[in-house]
């Protein structure tokens, strides 16, 4: 694929170009997002947009193809908020299984999932567990960017909270860093849940959130922190991707 | 939503904006594409890109929200060509069922599917048949743009074939009209299948296609015809959408 | 199987007779019907009976075995009318997949579906799409008889409508041609839907039909037109079957 | 339905006739068969034909509607013999669940399954167990005719074996009683399995049968015994059906 | 495994010990129970405890490994009684299929199911029917202990009823024989159903039972009869197991 | 339930006792284990035994009922080691969904899962996500004991590794604390994987482990550390359980 500036989106290749790519690498990056409420200030596309942005930048730096972004995840808990579209976990499992099985037939063997939404992780891991039994020679990472220790350290330093929440200052900052027009800053707010345990959807309003924000003071968000977080996430993902590819230097750039 | 120039993408709204939209309209447009081989000259994103382009333009003209584009469809028959990613029909059914069920919970009742890939139609219709039993008060169209009589007439006039095929002159023309750089014109080719009946994937090479083109001389494609086809598709879809909305004039623009 | 007059029903063969048949042909005809309301004048068996009648006559003329008729299809939309029995599309998919997979294990490779009910087609095609990935060397047609251009031409000439509807003059005529006692002619009626888009079942009464007839004036039906339509359907199907068998002359008669 | 001679087949009623029937009775008989090898002398339709014959005769005598016969059951173990078509138990479960759920929506509450094939019983019972949780006020019997004590007594007296087997003297006798031309008497044979435990299909040839007959000397079959068995089965089923209907006299004849 | 006193529980072996066992035997015993109401005097663990007790004793006498006991079965009909936990039949099918498939991968080929709950049998048999198509060289018995003729004879002699019911004198006697403290004898009771046909759960109270006991006078139960029944069940199962292992003498004790 | 010494196992209650319990508490503890290889020194029951032990002790201290232990989990990755029995994630999801749905019908609303095996967590969480949409008013925790910070601290202090692995010094120590005879100390060993990413099962031998131990030096295990870890886990779980019950003091002891 030559240079970093080249398009790494698999979707924009012809089948012959993908065939050529497979001659020297069998790795693919898969961005998985969600279409769910992110409070009064951020669009429902937030998680999808973050996953795609990170995946493409990591792909560019390492010269690795990025598959089509999955725009919907497990957002069942948020269905009380209009605009949310949710896959049941069993649907998301079928989705990722068919996705990976298709690429496996063509020769892909290393799958690197950039996950933009926490509740996706259980069904994604469940799906890969089944794939690990059904397919041969596959290697994979499914990783949430907010789980990188360095990333959490920034969250802690900047927002005083390494864990974040939902539609939190971290999300808003990342969006601002990508495109400030995505966030309506005047509507940033703060809300914290009453309990820590998990609940059924009919209890969300009473126990979790009325605004859609859960466990964060969004008003701490800033474009500058967002830029720092983005770069950290990209570097951590890149490191992990190289580990999956078992090379220490970018293969193609 | 005010004016035609406003963003009609549901994904870029906040949940409160979707809530407001539902106060005066319960219609949503759903673009469904595919990630599959389109011969040596067109990218695998072709069907997705066409569905999304048409959906957004129709949505803009009628002031109707457009849900997130589904980028993968039933492309099982093309899995021999690298880069193709296919949902089994049962997976695509779960996908569209969860998608529509989510929106139904929020109050959407009219669903308008802009389908960019022929083999998606059976699972889409199958899913809506089940939804029609499970949900109340839903109304829907699932329509392929190449089935509009006026559209077929142009195909016939321009390419001498009202039926087209796969990765055909029609697809290439539409891509050129949207962005000429998407098509590598020097690789446009022509190939016709040996049989008309349907086959299992292991027979594709022998009976259908080696290049990926099926039943068309792509070299007839042109940007001009593409523009004509695009406009026809948009107008036909708009007409159908108004029928679904039971209004004769655009509601919002 | 010797002569045209011989029984072509697979169900009435012993396993050894089927084994012998497979020595010279691997084709089977599969009739798929429905058990659904057909208005006040026609029995719920209508679609099943038509599919079976056509399949057997085509099988006899071409010397091809006809598998057991599937008597139930996707009639979910009609469940408000007593006597209707419906398979969800996912059930019908499992049904046809198990049916074809069984015969494939024995050596059948060419499957010719005579479909008697429009809403069956999406699940049938969806099932065959999955089968095309799971089984090897299969070839198939899934065809509705009312889609043959010559057949539609008769509909147009006789009833002024090439498209027909549900429980229409076409259905009633075909039944009369097979056995006039199947139709209570005094109850033939006419009803047209208020809309063209598809709806959920709870809206059927208001938007589609109260009598069960949809989009047709059944009173135009006649035994004579029925006979003409039957013969046309049989000839068109026979032609298509020979194409699937890749022979131009009947193999066995 | 007036008299015994009237047609009791639900499939041959219009939806209005079924509606009227529901005004005074909510019972339906469901015949379930199989399409599977029955040795060198009997057709694969055997079980279906027996179930349908018994169901119709019982329905006639008691004035109860008989739903469409399900022509395929769980015959997985016989798939090594050409002509056998098998539903996996999970498919058969979906089939019977959709069937009963459809009729339940129309008002049917009492379901009487006349089962013609032993291996159908587990999936049929499994399906009804789930239906018993999903639907309200249903009552049902799922019964194999060879399990009636009086019926077994005849088997014992005539063939010296109360248990029978597969494609046994009982089956052949019943067929002869219905229509002697269904059985090729010159090919009747005898074969007994080497073991009693159940096995996977790849072991059938070695441990169970080469001819298709399992555990019986078919040559003992006769039309006379068949007639006796038929009448016994009809009377036992009728008795059971009345128990389900909680009446002691036929309701309608 | 040397001697009868050795632990035959597979769960308490290391993987290397299981590997060694497979060198000389490929048989495993699988106890399947239920967690369901057993009237006012017996615990919900009753069926599980009986299945496990029998399986372990049979395993000890024959030197055959016993897999982990499945503690939940199809108890849907009893869900009106608190403490009951039920698997739908389709879930139980997946459970036993995964269980057996896992052991098959390691080399097990002979599966002996000791079933402690009647309603488990249909889903267990359905699952094994599918396994018989999917796996190679498997042999199996799925047997309810109350179906052994000798066992039924004792029931008849002692309680005047060879068929028993649910939470019956047989169950209570067996529990007493294992551990008298498991049964609250002062609460033993008697209740008989009003009908013989099967029903949906909402009708259980009215037609079957209010106490949880169905079709038995529990008060006839005794520890002495329990001991007799236990020994009979163990001997019958042992005999059947040897048949499955195709040896006439215990292999290992 | 009176006192701490009373049996808290739901399975050993009668349905009337469970009914009484529901009058003052709607909480249940659910232990989930696994039946999988734990290296040459520990039995395959390890995870099940730990989950059950912890659940019962926590239940006793808080006076909360403990449901039947699920003895099998997602151990697909270990299927290369004999004795391992694995549920596919989709099976485990059905299992926990049916389990919780049953108890929900009886009135249970708070579910506390003590999970003994890491790979169970994704399917458990996926199942509860779906349950949260299907059931009302449920609250739940699904927690792995090795994730409690205090617990990890001990691991770090004692074994120099807060993360542990599979069949590690932590597992062995816990077993020793419960019953030293469960561990064959002479076979304790040490093995570390070559990579960190996840793989398909066919790669386990080469990249993960030959002994079954993954990422730990088991030889550091001791009964004393085990006792410390057990008590810590019990206390942490008890704290969490009280949070779920929204009381600060044990309700019943």
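Note that the chains take the letters A, B, C, D, E and F in the order they are written out, and that residue 1 is the start of every chain.
Here is the rule we use: a residue touches a chain if its C-beta (ideal position, glycine included) is under 8 Å from a C-beta of that chain, and two chains touch if they have at least 3 such contacts.
A quick note: this is a predicted structure, and the numbers were derived from the prediction, not measured.
J.: Identify the chains in contact with chain B as well as chain D, in label order.
T.: Looking at chain D and chain B together, the chains touching each of them are C.
J.: Show which chains lie in contact with chain A and also with chain E.
T.: Common neighbours, chain A/chain E: F.
J.: Could you tell me which chain lies farthest from chain C when each chain's centre is the average position of its Cα atoms?
T.: Chain centre farthest from chain C's centre: F.
J.: Are the interface residues of chain B and chain C largely the same numbers on each copy, more than half shared, or largely different?
T.: Both copies, chain B as well as chain C, present the same residues to each other, with over half of the numbers appearing on both sides.
J.: Among the chains, which one keeps its Cα centre farthest from the Cα centre of chain E?
T.: Greatest centre separation from chain E goes to chain B.
J.: Can you compute the centre-to-centre distance for chain C and chain D, using the mean CA position of each chain? Integer Å is fine.
T.: 26
J.: Could you tell me the distance, in whole angstrom, between the mean C-alpha positions of chain A and chain C?
T.: 48
J.: Which integer distance in Å separates the CA centroid of chain B from that of chain E?
T.: Computed from C-alpha means, the inter-chain centre distance equals 55 Å.
J.: Touching two or more other chains, which residues of chain E qualify?
T.: 79, 88, 90
J.: Listed in ring order from chain B, and going the way that reaches chain C first, which chains are there?
T.: In ring order from chain B, with chain C immediately after, the list is B, C, D, E, F, A.
J.: State the interface residues of chain A toward chain B in the complex, per the touch definition above.
T.: 9-19, 22, 35, 37-45, 48, 67-72, 75, 79, 81-88, 90-91, 94-95, 97-99, 102-103, 105-107, 182, 184, 187, 212
J.: Can you check the complex and tell me which residues of chain C touch chain B?
T.: 74, 76-77, 79, 88-90, 93, 119, 121-133, 135-142, 195-203, 243-244, 246
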